[in-house]
Amino acid sequence: MLTHIDENGNARMVDITEKDKTFRVAEAQGSIIASKKIIQSVLKNINKKGDVLTVAKISGIQGAKRTSDLIPLCHSISLDSITVDFKIFEESFEIQCIAVAKCSGSTGVEMEAMTAVSISLLTVYDMCKGIDKGMIINNIILTKKTGGASGTWEKVK
Amino acid sequence: MLTHIDENGNARMVDITEKDKTFRVAEAQGSIIASKKIIQSVLKNINKKGDVLTVAKISGIQGAKRTSDLIPLCHSISLDSITVDFKIFEESFEIQCIAVAKCSGSTGVEMEAMTAVSISLLTVYDMCKGIDKGMIINNIILTKKTGGASGTWEKVK
Amino acid sequence: MLTHIDENGNARMVDITEKDKTFRVAEAQGSIIASKKIIQSVLKNINKKGDVLTVAKISGIQGAKRTSDLIPLCHSISLDSITVDFKIFEESFEIQCIAVAKCSGSTGVEMEAMTAVSISLLTVYDMCKGIDKGMIINNIILTKKTGGASGTWEKVK
Amino acid sequence: MLTHIDENGNARMVDITEKDKTFRVAEAQGSIIASKKIIQSVLKNINKKGDVLTVAKISGIQGAKRTSDLIPLCHSISLDSITVDFKIFEESFEIQCIAVAKCSGSTGVEMEAMTAVSISLLTVYDMCKGIDKGMIINNIILTKKTGGASGTWEKVK
Amino acid sequence: MLTHIDENGNARMVDITEKDKTFRVAEAQGSIIASKKIIQSVLKNINKKGDVLTVAKISGIQGAKRTSDLIPLCHSISLDSITVDFKIFEESFEIQCIAVAKCSGSTGVEMEAMTAVSISLLTVYDMCKGIDKGMIINNIILTKKTGGASGTWEKVK
Amino acid sequence: MLTHIDENGNARMVDITEKDKTFRVAEAQGSIIASKKIIQSVLKNINKKGDVLTVAKISGIQGAKRTSDLIPLCHSISLDSITVDFKIFEESFEIQCIAVAKCSGSTGVEMEAMTAVSISLLTVYDMCKGIDKGMIINNIILTKKTGGASGTWEKVK
């Protein structure tokens, strides 16, 4: 069942009036596949403790806070915490972004974690596209969520 | 060279004062891979001319207009046009999103097209996650851009 | 007494520190009066399960979530639910919009329901103005509210 | 023809690439009908040079600047000017709001003027609803627009 | 210790999951030093019960509600109250702005009060800069905060 | 004359219809005075090429792009460039922020530069307030502006 679609096929926001407030966590991740040159530039920038991934992280955190403004049927949520981290896999030319969102509320924070990853990777794309526009944003997934009526869920690997 | 990073490794917005105003187009695409059940639900909703992809499209259009608010070092751009379309590949359980952005200005609209695709796919995720949270947002790429000093660029397939 | 005006005639936000958190609902409605040609086009679009009213609905939902950003002295509220629906009265050339907002909080959701109706009708105007700019947005009223210290209120008909 | 709907009934933003940049003006108006007590309170506040209509005006100006963020298929426009004014008709218990928007651009400013009026009247409603929630927002219309390919249009009285 | 910086020097949002919800208040203030001519114009406008300080106040209230959107590592907070007031010191050519923010929540409202003061003073600057651009925004400080684990704090004079 | 106030003392946005599009630059600066401990922590973070000033810079750039949303009577401007830089004066316990905004348009970018400085300093305050809340944001001034009908202006030292 599409929960955001009523019996007539029309979009709707889910009514969370009856839902309990519970502690909820969601983890998401995704990657950008880039050219060797980009990966080396980013690594060099990191080695210089430069700004590329910091700017990307900040954009992801701010994007997460704006999730209900971006995704039409999302509820406004006061996040207790949102973290955004990166791992670089040199051999696969891959920059991985991992986000974890937490709240105590009546609805989950899956979209906040997914949005943080998406916006962070778009920002990496923006900052590196001067070198090569052929980057691929890939494999954005929810890896885990806990809390709420449906309890814990983990992505099958 | 990372154009958004100065010689000291610090982030910066590119100064476009000297850039010519030209007509610019950017095309991007990406996909969401979903379970058979989700694909069937979306198709059924489409067959009923339902709302899932309309809501996703609207979110992508609005996201594109907000690109400079989301991506820290992007310039504000007045888009002449932004289109968002979807194709469903039933056999590969894939919903593909294609966005085309156009402007007449001093800087490109690649990020507007990429942002439209990303936000649209996040909205599809949001609306279908009640069925199955295991969807994968995949392969978000710039496919083509024209205009500007660097001229036409196409993604090598 | 103008609750948003202090004894010196100056604007102020109401301090809701002492107000109880209660479950609150507000319903509002309003109409757009259009030409026969517009009503027929919208009906035809609906018969084709087209997008006009879906786009209007989404804009109303998003507008409701942004109420405190639009109306200077409104408090930020986490809505539990906001619904936007339409009725078409062919004989009076009228598209009616009905919104219902719900929250559990210290202040009411009247403005969220009123804003949802207003923005939805503006979006209908925008999408139909290519046919005829003479439409009239009319009769936007609060029809009912429940909850809070002042309890239930209904518009006298 | 619904210009924001394509031949398949799907929503779209109009592509303004080929449109000429011309000087454009749009005027809109609308009213709020209130109880005698509200009208007297607002007049008293005005006589004291109080804040009610100033706050409403500011909200309308800011709303106009955010039109493309609120109305999904509107283009971003840099307004040259937006004015919001009020007239009070004591005998008919009516506060009328008049907005005039101006730009030099490829698309009209009708929605900016209509949005300014709508948000201003919502703000009047918000500030006066403590006295009486039975106010009616009424008769929001475009009165005139000039410029653009379709030239001058005036509302038939 | 920089609470927004982890042990590796990287920015982070503070996780407030474990923090108690308490009633919190923060007071901030700041000034703008202007020319005699500006101070006289503002006073004349106030004597006429004009709009300068009302517009500045509204901008500060709206800015406070948007704090988490402006300050990257701030949490979204539902303010119970935000007040913005002004004092004019004619002899020192000084317009002082005082803001008080209140909430019941897991994190403080210092930044909301500080942001209200900053945006209000920027708006005074904007409205008066036609007379003289040499104004100085000065001495923006937190004067007091109460509530939360760290309790009451007052600025040493 | 207060350019944003009409002859009746009412606020208004300046109509820039008749103004020429010229190249315009504005420079602003301001400081935050902090405790020795904060200055040492920030310097240590910088020596580690940490994030404090990068986050502050990004917030200032994003704030500058949102100026017309924050300052009620500002026009929307497409910035060609906005830079934000910092200098640390160890002996006076001072972190100075300098912003330069550029555009080609009909109205100046003074408020964009001033807003960038204000938001950047608020972000420094936010990130350092865990050490000591007694910081002072000081001396935010426009230092220079060029372009437009009124030509070049420089702050008298």
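Order of writing sets the chain letters: A, B, C, D, E and F. Residues in each chain are counted from 1.
Note that in this section contacts are C-beta pairs under 8 Å (C-beta built on N, C-alpha and C of every residue); 3 or more make two chains touch, one makes a residue touch a chain.
It should be emphasised that the depicted structure is a prediction, and the values quoted were computed from it without experimental measurement.
Visitor: Please identify each chain that touches chain E as well as chain F.
Guide: Chains touching both chain E and chain F: A, D.
Visitor: Is the contact between copies chain A and chain E built from the same residues on both sides or from different ones, judged by whether over half of the numbers are shared?
Guide: Copies use mostly different positions to touch.
Visitor: Just give me the whole-number Å value for how far the CA centre of chain D lies from that of chain E.
Guide: The separation of the two C-alpha centroids amounts to 31 Å.
Visitor: In angstrom, rounded to a whole number, how far apart do the mean CA points of chain C and chain F lie?
Guide: The mean C-alpha positions of chain C and chain F differ by 37 Å.
Visitor: Please work out the Cα centroid separation of chain A and chain B, and write it as a whole number of Å.
Guide: The mean C-alpha positions of chain A and chain B differ by 16 Å.
Visitor: Got the chain B residues that touch at least 2 other chains?
Guide: 9-11, 48-51, 54-55, 58-59, 62, 66, 72-73, 76, 78
Visitor: Which chains touch which?
Guide: A-B, A-C, A-E, A-F, B-C, B-D, B-F, C-D, C-E, D-E, D-F, E-F
Visitor: Which residues of chain D touch chain E in their complex?
Guide: Touching chain E from chain D are residues 48-51, 54-55, 58-59, 62.
Visitor: Write out the stretch or stretches of chain B touching chain F in their complex.
Guide: Of all residues in chain B, those touching chain F are 9-17, 68-69, 72-73, 75-78, 105-106.
Visitor: Over in the complex, which chain C residues touch chain D? Could you list them?
Guide: Contact set of chain C toward chain D: 1-5, 9-11, 30, 41-42, 45, 48-52, 54-55, 58-59, 62-63, 66, 70-74, 110-111, 114-115, 118-119, 122-123, 125-131, 133-142, 145, 153, 155-156.
Visitor: Which chain D residues qualify as touching chain F in the complex?
Guide: 23, 49, 54, 57-58, 61-62, 65-66, 76, 78-83, 102, 104
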